[in-house]
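The following blocks contain the structures, represented as structure tokens.
Both of the next two complexes hold chain A, though its partner changes from chain B to chain C.
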Partner chain A sequence: MFPLLTTITFLPLLGGIGLLFLPKNQVGLIRWAALGIAGVTLLFALGLLLGYSQSNVSATFAGTFLFTENLTWISSLGINYSLGVDGISVLLIVLTALLTPICILASFNIENKVKSYMAFMLLLECGIIGVFMATNLFLFYIFWELMLIPAYFLVGSWGGPRRVYAAFKFVLFTSVGSLIMLAGVIAIGYYHQLAAGGGYTLELSLLLNTKLDSGVQMWLFLAFAAAFAVKVPFVPFHSWLPDTYSEAPAPVTAMLAGAMSKTGAYGFLRFCLPLFPNAMQTLAPLFNTLAVIGILYCAVLALMQTDMKRLLGYSSISHLGVVMLGIFAFNVQGSEGAVLQMVNHGITTAALFLIAGFIEQRAGTRRISDFGGLAARVPVLATVLFIAVLSSLGLPGLNSFAGEFLAFLGTFRSSVVFGTLGTAVVVPAAWYLIRFFQGVMQGTRNPEAASTKRRNVLSDIGLREFLAISPLLLLIFYIGLQPWPLTAILEPSVISTLQNLGNAFVR
Partner chain B sequence: MTNLSLWVLLLPLLGFILLGILGRSLARPIILGIAWGACGLAFACAALSFLSMLATTPDAARTVDQQVYTWVASGTFQLKFGLLYDQLSATLLMIITGVGLLIHIYSASYMEDDASFWRFFAYLNFFIFSMVLLVLADNFLFLLVGWGLVGLASFLLIGFWYQRKKALAAAQKALVINIIGDFGLMIAIFLIFVNFGSLNYQDVLSKVGTAPTGAVTAICLLLFVACAAKSAQLPLYMWLPDAMEGPTPVSALIHAATMVTAGVYLVARTNALFEAAPIALNTVAAIGGATALFAATIALFQLDIKRVLAYSTISQLGYMFLGEGAHNYGAGIFHLTTHAYFKALLFLGAGAVIHALGGEQDMRKMGGLRGKMPITFATFLIAALAISGIFPFAGFWSKDELLGSMLALAVATGNVWYYILWGVGLLTAGLTAFYMFRLVFGIFFGTYRGGTASAQQEDEEDETGGHHAGNVRYNDVHEVSPLMWAPLAVLAVLSLIGGFVGSLALFGAAKWHPLSGFLAPVFASVHASSVDPSLAIAWTSTGLSLGLGILGIFAAYSLYRRGFAYQENKSPLYQLVLNKYYVDEALTTLLINPVLAFARVASRFIEGDALDGGARGFALLFRGTSDGLRRLQTGYVRNYALAILLGAVLIVVYFAVRG
Partner chain C sequence: MTFTYSVTALDWARIAPELVLAAITLILMMVDLFLPQTGNGPRDKHSGTSNFSALPIISIVGILGAFAATITLFVAGPLPQYSNVLATSVPHDAFNNMISADWGSLYGYLIVLSASLMSVLFSPAYLKRLNLVHQGEYYALLMLATIGMLLLVGAASFLTVFIGIEMLSLALYILCGFVARRKSSQESGMKYFLLSSFASAFLLYGIALTYGATGNTSFAGVRDFLSNHGGGAFPTHTMLLIGIGLLAVGFAFKVSAIPFQAWTPDVYQGAPAPITAFMSVGTKAAAIIAFARVFGIVFARQSGDWLPIVETITILTIIGGNVLALVQSNLKRLLAYSSIAHAGYLLIGIVSMAIIGVSRSAPPAALGGSVGSVGATFVDARVTTALSSILFYLLCYTFLNMGAFGIASLLERADNSGNDIQDLRGLWYRRPVVAGFLAFFLLGLAGFPPMAGFAGKYYVFYAALNSGHPELLIIGVLASILGMYYYLRLIAAMFMEGDSALAQVLGLGNAPATAGVPATPRVVPASGSTGRLASSSSSSATAVAVKTPTVGLLKASPVVSADVEQEATGGLNWMTWTGIGIAALGTLAMGTVLPFWLIDLAQQAARFMIK
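And now, the complex of A and B:
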């Protein structure tokens, strides 16, 4: 059988390496080659989506992955090269494969060290997609760490003035979390062997068969959660995010916020929920509380941000809190809403960061107070931003509404208090997003601002920029009008993920 | 039955899409062709369906739930998008598309000078689409979609002149307050799903009895939070007066005739729930009555004519809720209908005056326009009589029906609170007549007070907007164009005869009640006895409210018949009312500013010092440790030899001590 998953994962990596052999001064060729590689990867990913949706997965299948590939690697340690997808990962893979060419296209204005930039972007794609495909914990860990390398260089070399500080902080936070997870990964094989006998294994499908003792579950869960909670991020482990997102070049931020940030939430759903169901349930009140605090606190903080990208960064934390509430609701609506919201947030937040980048590039500043009244000058860009803002604030009828509604409904079904408190975010969210939009696009231009001096540079959205952003806009409308096809893909996988919860799981 | 409701929904959407994408490059006649065509055809479809419904018997055949597609299916949560076309939605579609069409026509002339002509009509079509969706949805989720989209349309149109700071602030306020309502609606929807396992109206409303009363009460109260936000009731009314920053046709369509009545519609639609939750229904009545009186008092002293009308709208919406609170949902919808005619007319009349005076909205600079603008004057007078409840104008029939129901309820239950609410309704009727005729005399009687440089206080932001606060001389004032006064005339006719679809029971023709008879199947959950007042009660209520209305007009006449003269009044009570009870200021101080201050402080200290500093401290700790450890790696063999020796000694000592 054709190794479709390996192709999708490693095509970007091989392509990225291939780029390095191109002549350095052929900047145009490098850009188009990178775009081509990402585009072909996207085609394969769409083929995967098509194949998956036609595979007639029945609602009863339990923990099975499709399109699996298995190669024994280090058999004594149970380490295999095993890939597989289910409804949850397939959507996130397609999201990543879609965002990469978009972000590469949006990066065509980067002039500095284009070759390595593009290679790192493709390597980042490889790492993220690998995380979503790995079904062996060791392989998962490798991809998890692999993401960090290109992300570090992309932020640290092509970012804003405080890029080195931001990149360092990002790596410090995430690697502390990751190391704790590594301890958990090693230990889970041991405890599995202890409970189930047989050989030491890190193969997910085998680990799922054994129910671990509650006490063991607890500390293993905390070890895994350390890595995932930093990545999501949960408050108070979020302080790397506003710095990283604001200092990174906009297309990189779009990749980090759109695709990479989903790996944390994905980890909770893919590994923690089925492997440590008791610990998840015991600690749910704690995590729900942290999620609600993050949702509301970051929404309020976003009100007073003066930097566009920082504002969007806090907004991103707030939105991912909703995903976490959905996962910790332990029911079908909550989990489906959470994954749908991961996809939606990926689409919307990528669009927002890219637009912020377009504006920053024109005006040379990200300070909201430097703008005002731009709509008259750049009407199409203003409209595009407005659509993204509406999507982000959860306007009924657009994509985020569908995901948020399901996630909140699920949360409400499991806990009226957390459901109500989480839903309350719609009010501050609308407030800060509209302040942001009005501050940049409406009103009158701040005559004191630096951007005024460069007013002639301000032009409306260009063709390349529009092409980059338009697939996201189409999805914003499409998913909002009809989320049904996505939930249909998710449903069997979500049910099988939740089944380890036993009686506690609610349809 | 011919049911074209899907077209009523899709045509305005098509108009919006066409105008939104191509509008910028189209000529004005084509823009008008698309916008009027979309709204006009939608009206035609609505009217055809309505007539077809009238010809259909029996009543059961008049309700059609047309499933369109599956929106989402997630576990036990299944949701199909569908359109519920029944007597209630049919009635509202007629108002939305009918009044909408008149305002589309009027706006062509009103907005003719505006550079963003196309954008205005695109938004108008979008609004019609959203409002139709709100009314036609057959489930609570798509109600929420419509609910959110009309809020967006309102936001866009309030902030239409987006260079004006005031308009932006007003738009932001309207959006945020409306989202508070959406939040209430969302929680209500969650509760409905948890209790009934469905969001479809017909499923839910037929199963009301299966849920505990506490849950139904909670659902109804939360629904009413949404209603209060959308329909500007206490304590969520603050956005509506500010919404007057939008162009006047918008105020007429969205902020008077249609969108703000969505709350009244929702209570009527879910009457089965409210009937099962007496506490919630009493809350509706109490909030409605309190708002009616509260807003009417503010309207007494406002100087901006649009603001008077805005507070008047809030007050009239209170009436509608009062009627619904008295179990007479039909009367609520009836008042919604007549109010749509006369309040749209009042706003469009005010708009004609503002247009003729070059953007002036301050009553202190008007007066004596009767001779110059006879059509506007005549139609405005008809509307003022209608809202004041003077026989035989439309408002007389609808207002008296709901006040009569309230008195009947009070008599039947003997509950003193119902008497108080009825009294509040009567008092408000008197106040309404007074402030409305204060406006009539102030605008059209006496001598013209504008047009002199000294009388003009320059609006600091008028330069950028579509209109310039005027300095028009009396001789330059002209009646508005036929495109503008024709809608006024149509609405004036409706304000005159629109009430005759109500009940003529007062005059012994008890069998003549076409509207309430038509709507009755929708309100089947209501006990018939609680609605119909006896003739004695009806006449008591009607007589008193008519008397108070005439008294109000007389009071206005005696004060302002020679024109409005503004006098500074220092009395604290007057200042309190003039400044709208300082509610906005109080909210800003108590709620908004603390939140913003918290955000500012938290950004600085929690985010900056505590977390960032903490992380840096953590990093420094590591660096310090490793700096210390690094010093051990000296590279000298003698140091390492010493370390090995020390280690060996320690191990030996350890084992020796352990024995």
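And now, the complex of A and C:
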């Protein structure tokens, strides 16, 4: 059988290594080669999506994967090279594979060290896709750390003035979480061995068979949650995000916010929920509270921002809070909405960050007050931004509405309090997004503002930029108008994942 | 006491790797005499071999020969088949229990020989660049140190342990001080000599007391004595305790464990980089294996006595090594402290070998794991796991550390500068390949997958948990976070900060201090200075050019980099690069494709060692 998953994961990696051997001064060739590699990966990913939607999947039990690949790696430690996908991961894989060529196309204006930049972008794609595919905890951890390295270099070497600080903060925050998870990974095999006998194993499908003791679950859950909560991020661990997102070059931010930030929520859904159901339920009030605090607090913070990318960064935290509420609702609507919202947020936020990057690149500043009345000057860019903003604030008919609606529905079913508090975000969200749009595109031109001075060089969106962003716009409309193809793929897998919750699982 | 023992051919065969190296040492010294000399006049103390490639090639041939001998011993050799040995416990040591040739020793030989090979590969370009002409001595001493390490790894008697340690130390004292015109190198040699002699004295005293307490110097003899006398029920128990304590001090010094680490940073920084590389890996590997053998196997029944001491040392070493490394600003010094931290991770393995309260000879252990049966007795699977984790970690560490020091040897100048963080700043823009490789090894040392460091660390932490030491798992994991910080700081300096002069112009000098207003447009301050430094950025005055200043800055960097780094090495760099290439391949392979059999091999070796 053709190893489709391995191909999708390692094609970017091999391509990235291949790029390093191209001559340094042939910048155009390097760019197009990188785009080509990412494009071919996307084709494979679409093939995977097609194949998956053709296969007849029904809800069974947690840990059922398709397209599985298994290779014994270190047998005495239960470590295998095993990949597999289900409805949840297949969507996120396609999302990642889609965002990569878009972001590569959007970063054609990067001039220095192009070769390394493109190689790191492809390596980042490899890491993220691997995270969504790994079904062995050891392998999962390898990919989890693998995506950190390129992200570190991309932020630190190509970012803004405070890039080194931002890159450091990012890596240290996430590494602390990851290393605590590493302790959890080592320990889960050990406790599984104690509980179930047999050999030491880290194979997800085997680990799922044994229910661990509640006390053990609690510790292991906290260890895993440390890594995932930093990545999502939950509020006390979020302070790396605005710095990183604002300092990284816009296409990198789009990758980080669009694809990588999903790995945290995915981790909760894929590993924490089926492996530690008791601990999840015990701690659900805590995490729901943190999620609600994140949703509201970051929405308010976003209102206060003067920097476009920081504003979008805070709004991203706020939106992912909704995803977490959905996951911690423990019902089908909540989880389905959460995954759908992960995909939608990936699309919308990537579009927003890319547009912010286009504007920044033209004006040389990210300060909202430096702009005003750009719409008359750049009508197409303004329209594109308006669509993305409307999508982000959850306008019915655009993509985010479906996901948010489902997630909140699930939350209301499990807890009216958290549902009400969470839904309240609609007001500040609309406020800061509209304020953002008005501040940049509408209103009177500030004669002192930088953009007015540089009016002559402010051009409308270029063809390359438009091509980069158009797939995202199409998807915003498509998913908004008919989300059911996605939910149809999701539903059986979500139900399977939730099986392990036992009685707490309400269909 | 009558002593009847006849030396057979088997005895010689079992120390074949050492013999090959001893022969090559003699050949090296002979050849050195006949090679053309520098200078025109008669030989004096300043003249030496003018050819920089003949002697290293001979050394490499010798090391490869030793490799071949080791591998032959592994697969066929004078040993009976592996399964046979387990069943009948045929002795597999040479010269009446002086040196063992079990798989554990052979695994250790491979580690030491790899380190030696890479060290020799790093040397020619380095010696040429620093114009160190006394190569005959250099390579001969390197080979002698290697033999000492092999003896230490294979030791099956306390006497061999001492001989091995002295042999490697004496050679290394001289090698550390080899750059005679550099004060720091002389200091390095002297410091190492003084402190190491103290440690040897402790060790010797410990050996004497152990002999006094048990009446034996061979490992097997001491072990038999202890198993015949139960756990501590013999009159000389106190004497043995003192002996164990002194031995622990001696070994802790050799592996540079805290609080016996004080010599490490100075010695590592002052010594020539290829020698530092060799010391940091070879000595450590040999000493750790001997440490594990003596404490984990010979004194296994006294685990309760030494466990508190060794565990305290372990925790201190892990935390202290990582914390002290945080404030270092020199690559070699940082690697010295990081090697202390790695010694701490290795000591976790030794602590994990102490299984208290479970009789060694009782069949199946508490855990459902597999139990290897050896002869008539059973070995606790946890002990094998712990020992094999040490072996595997050492192998991973060898390639990572050799690689990192190999890069340091490329950067080091005659006055021992070139490795400071200021010199490394912006290295990526001047020598991208060097910077890339260094980053690769540093990330590996920091424990990022998929490099070897991660696999090794994972296995050691697993062994700790497996033997009931969750505290070591947690401490190890938390200390690794500190490790990430200091390795990444160096990488940030190389990749993200540009040249120091330019960085200061732009205010990018030190990362956290530059926290300014986030949304400040970055065009204005940069464009002026860039215009001066690079003519390419004429467009930087316009608004479109947000990225351009950075570009201009980076293109301008090589202008400043006209320095001594590319001193004449007479086309010998390929050797260094071969060494670095071997290290990189090993690092990558060990982290990805090889563990599946290297770990199994380590487990079999460990089972064999414990017998």
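We adopt the following convention: the second predicted complex is superposed on the first by the 504 of 507 C-alpha atoms of A that agree within 3 Å, B and C clash if a C-alpha of one lies under 4 Å from a C-alpha of the other, contacts with A are read in each partner's own complex, and residues count from 1 in each chain.
The rule is simple: a residue touches a chain if its C-beta (ideal position, glycine included) is under 8 Å from a C-beta of that chain, and two chains touch if they have at least 3 such contacts.
A quick note: this is a predicted structure, and the numbers were derived from the prediction, not measured.
Superposition of the two complexes onto chain A shows a clash between chain B and chain C. Of the two partner chains placed by superposition, only chain C is touched by A:75; chain B is not.
Legend: residue contacts after superposition of the two complexes on their common chain; A:26 is shown touching neither chain B nor chain C. Contacts of A:365 after superposition: chain C is touched, whereas chain B is not reached. In the superposed model, A:55 makes contact with neither chain B nor chain C.
In the superposition on chain A, contact of A:214 is made with neither chain B nor chain C.
Contacts of A:172 after superposition on the shared chain: both chain B and chain C are touched. Residue contacts after overlaying the shared chain place A:187 against chain C, while chain B stays out of touching range.
By the document's definition of touching, of the two partners only chain C reaches A:146; chain B does not. Legend: residue contacts after superposition of the two complexes on their common chain; A:200 is shown touching chain C, with no touch to chain B. Touched by chain B in one complex and by chain C in the other are residues 172, 243 of chain A.
Across the interface of their complex, chain C is touched by residues 72-77, 109-113, 116, 138, 141-142, 145-146, 148-149, 152-153, 156-157, 160-165, 167-168, 171-172, 175-176, 179-180, 182-183, 186-187, 189-190, 193-194, 197-200, 243, 246, 306-307, 310, 360-367, 450, 453-454, 457-458 of chain A. Note for the complex: chain B touches chain A at residues 24, 69-77, 141, 144-145, 147-149, 152, 155, 159, 162-163, 165, 168, 171-172, 175-176, 179-180, 182-183, 186-187, 189-191, 193-194, 464, 595-596, 598-600, 602-603, 607, 611-612, 614-615, 619. Across the interface of their complex, chain B is touched by residues 169, 172-173, 236, 238-240, 242-243, 297, 300-305, 331-333, 336-337, 373, 375-376, 379, 390, 393, 395-397, 401-402, 405-406, 408-409, 412-413, 419-420, 423-424, 426-428, 430-431, 434-435, 438, 441-444, 482-484, 487-488, 491, 495, 506-507 of chain A.
Those residues of chain C whose C-beta lies close enough to touch chain A in the complex are 367-369, 428, 432, 443, 448-450, 454, 458-459, 461-462, 465-466, 470, 473-474, 477-478, 480-481, 484-485, 488-489, 491-492, 495-497, 507-508, 511-512, 514-516, 518-523, 542-548, 550-551, 554-555, 595-596, 599-600, 603.
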